Amino acid sequence: MTARICETAAEAVAGVEDGSTVLVGGFGMAGMPVRLVDALIEQGAKDLTVVSNNAGNGDTGLAALLAKGRVRKVICSFPRQTDSWVFDGLYRAGKIELEVVPQGNLAERMRAAGAGIGAFFSPTGVGTPLTEGKETREIDGRTYVLEYPIRGDVALIGAYRSDRMGNLVYRKTARNFGPVMATAAGLVVAQVSEIVETGALDPEAVVTPSIYVDRVVRA
Amino acid sequence: MTARICETAAEAVAGVEDGSTVLVGGFGMAGMPVRLVDALIEQGAKDLTVVSNNAGNGDTGLAALLAKGRVRKVICSFPRQTDSWVFDGLYRAGKIELEVVPQGNLAERMRAAGAGIGAFFSPTGVGTPLTEGKETREIDGRTYVLEYPIRGDVALIGAYRSDRMGNLVYRKTARNFGPVMATAAGLVVAQVSEIVETGALDPEAVVTPSIYVDRVVRA
Amino acid sequence: MSLDKNQIAARIARDIPRGAYVNLGIGQPTLVADHLPADSGVVLHTENGMLNMGPAATGDDIDPDLINAGKIPVTELPGSAYFHHADSFAMMRGGHLDVCVLGAFQVSARGDLANWHTGAPDAIPAVGGAMDLAIGARRIFVMMTLFAKDGTPKLVPECTYPLTGVGCVNRIYTDLATFLINPDAVVVRETFGISFAELAERLDVPITAAMTAASPGSR
Amino acid sequence: MSLDKNQIAARIARDIPRGAYVNLGIGQPTLVADHLPADSGVVLHTENGMLNMGPAATGDDIDPDLINAGKIPVTELPGSAYFHHADSFAMMRGGHLDVCVLGAFQVSARGDLANWHTGAPDAIPAVGGAMDLAIGARRIFVMMTLFAKDGTPKLVPECTYPLTGVGCVNRIYTDLATFLINPDAVVVRETFGISFAELAERLDVPITAAMTAASPGSR
């Protein structure tokens, strides 16, 4: 169904259930849907599993969600940053579970979820602690590890422009995980800088077609 | 290495060796690199395996390559068309080998080759004659079949515009297999309608980044 | 009165939800587009890489770069988007299309679909995107005559033709009746110019009347 | 005289072929960019979704949507292209980058790389794209000091830190020497302010002088 244009961020994140897996776009702050994460804090869903490249920066956005104790588990590639003190504290206190996934496997596992792929053999991480215990196979002389899809109940992403159907374009490296996460979740919510009339986006340059987008809010 | 802009189609296909696997873009005639296929006929490589969605239309392009007896095997999703008489004749005479692959598996197998994926579990074709004898696995209650990458020695693709580095954009549904094949071959040759100065293409709208393109010719 | 193909198409069009993303298979299913209300908001997908495809192109609007999966020139509507083949089939395989309407040679009582090959030993096999469509969309509607020209039913206990997909069909729209393929029964939702008793008599498949069998669990 | 980090970076820059596609890892490897000739045609990749990245941004050019993998604001050059994370890591994993330069804690004599984790039990694990880079590029150059601050060698018989990738390093550029990791030997190509004999004495890894061991088979 074509996307709904929401008036508020609260409307855009309404209905997220306790225990959900939430994919959160962004690489550091670029592409991070801060307003949606703030609205999710207001909304109150708890016991969440968050899938994102990082585990929060500073005290806002994802870090604030973590600080409120709403997140049970983080699946990410790079939790440790100079300004990840909220996550660091929770982790050292044993208050949050962490699954570290190599960044490319993280992206590809979500891509697999969106593309109907049941599992795939990746060469990344073979022979390292991050793939310990996983099934491996030698194919054509190279060793691969079997990786399974990561699917979200919800994806919160940041984009640049949306038309009224929900077609999205991004801006520079803020594109990052948004297009992949949009394919991999049951409910996809996009925070955008601008909403334009349908027909105003170049069909050759649409990055996320409207089929993947459920709700859009300008923020 | 950044792409070379070639003066002629002959220069663009120089060096293709006998026995090569050649990925040929296009869906029917849309996106079909006719000039490159013609140049390949001139160039003379034989004993080829051709991977393309169809097996030639009419008497030109891919059909002409087949008619010259240069192709040992075709891997495609849909050989039989109203104007595929060249292929039909060769096939019925036992002069050409055929591997029929569901269209999505064909695209995804080339994508896997380009993306360094060793193999993947696809739900497409399960329980049908086209996946007979292939490894299957039940994952999360659904049955999948294991599919392996298809890699080309050469890819011949059609695009709309290239800049001088080899960044490509396509036009409407002529995009089809081009971007995937460009990732999946050792030597990637693009026939384009127009070559523009580097910097003239919108970096947000580039579909095939120059890293994938080896030779470009205007045709 | 039994329905003609346009009447079947109209019947299907009525059952397509507003704003749905829909793929109409090559051949008769494309007629469904003519019967969608102008304000239906239905977005048509064509597997060769486009969303929000418009009607067939005529005259000066014909563009060889803009075709549908049947290789017929089409048009674009505001809000359309182009994408490459791997992305298009990821969209299909990943379950993002709401409805796909396909033709069929045979459908079995448990929803197996046979629509790509008659099994004739001299036929050149050609599958295209049929298998990807069959297993990909959330709901598969089949559009066909209920009986072949020789009078044999096309709704059968087990398909005798090679399968396209296993257990994938949700509904069958025919000239004589509409069937729901439910997990436990084939339910006749409505009949056209034939009585339920006569229908039961002419089919080798046990059928149930809708009044007793339709349930929220229907697929 | 031993080399300082800028001199090591200059040494690496000299070995990067013209027109190569290169990823420079976070930290010291980014210095290599400053030493590439203006006309090198080298195209820099950043794994967060960009090709043909320009120098770090300053002043008004700083754009929070345009950052590198180290989350530092950068610029774009003519001919750049943006793409999403799954596409970016497909590019890396698929072997399309010519060279990747990475830092390291340890490299083993057979080219195992350890650069993401010191193995300290209280460290929060964080891998980012390190494992994807390690196994993806055609050639991996490591840039590091040869000895840790405590004087222990970082070129070791077997890595004691957790691995990033197995057998993936081709060359090691250090302050005291440049090493080629060949299949059968660690070859010293050049030394800086240290004799071969002294180097052999201080390392626990058998080394060979270039004159006798460098061969066309060197990786």
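By letter and in written order, the chains are A, B, C and D; residue numbering begins at 1 in each of them.
Rule of thumb we're sticking to: contacts are C-beta pairs under 8 Å (C-beta built on N, C-alpha and C of every residue); 3 or more make two chains touch, one makes a residue touch a chain.
According to UniProt, the chain labels map to these proteins: A, B = 3-oxoacid CoA-transferase subunit A; C, D = 3-oxoacid CoA-transferase subunit B.
All of these numbers come straight from a predicted model, not from anything done at the bench.
Trainee: Considering only chains that satisfy the touch condition with chain A, which of them also satisfy it with chain C?
Mentor: B
Trainee: Tell me, please, which chain's centre (mean of its C-alpha atoms) is farthest from the centre of chain D?
Mentor: It is C whose centre lies farthest from that of chain D.
Trainee: Between B-C and B-D, which chain pair is linked by the larger number of C-beta contacts?
Mentor: B-C
Trainee: Rounded to the nearest whole Å, what is the centre-to-centre distance of chain B and chain C, using the mean of the C-alpha atoms as each centre?
Mentor: The mean C-alpha positions of chain B and chain C differ by 29 Å.
Trainee: Which integer distance in Å separates the CA centroid of chain A from that of chain B?
Mentor: 33
Trainee: What is the distance in Å between the mean C-alpha positions of chain B and chain D?
Mentor: Computed from C-alpha means, the inter-chain centre distance equals 34 Å.
Trainee: Provide the C-alpha centroid distance between chain C and chain D, rounded to the nearest whole angstrom.
Mentor: A distance of 54 Å separates the two centres.
Trainee: Name the residues of chain A that each touch 2 or more other chains.
Mentor: Within chain A, the residues that touch at least two other chains are 108, 111, 115-117, 122-123, 170-172, 204, 207.
Trainee: Could you list which residues of chain D touch at least two other chains?
Mentor: 76, 82-83, 90, 92-93, 136 - these are the residues of chain D that touch more than one other chain.
Trainee: Can you give me every chain pair that touches, using the contact definition above?
Mentor: Listed in label order, the chain pairs in contact are A-B, A-C, A-D, B-C, B-D.
Trainee: Sort out for me which residues of chain D touch chain A in the complex.
Mentor: My answer: residues 46-50, 63-68, 71, 76, 82-86, 88-90, 92-93, 112, 117, 122-132, 135-136, 162-166.
Trainee: Write out the stretch or stretches of chain A touching chain D in their complex.
Mentor: Against chain D, chain A makes touches at 27-31, 53, 77-81, 87-88, 91-92, 98, 100-105, 107-108, 110-111, 122-130, 170-180, 207.
Trainee: Looking at the complex, which residues from chain D come into contact with chain B?
Mentor: 17-21, 41, 43, 45, 51-52, 76, 78-83, 90-98, 136
Trainee: Applying the document's contact rule, which stretches of chain A touch chain B when the two form their complex?
Mentor: Interface residues on the chain A side: 108, 112, 115-123, 137, 139-140, 142, 144, 148, 169-172, 202, 204-205, 207.
Trainee: Which residues of chain B touch chain D once you look at their complex with the stated criterion?
Mentor: Against chain D, the touching part of chain B is residues 1-2, 111, 113-117, 163-165, 167, 183, 198-199, 201, 203-204, 206, 209-212.
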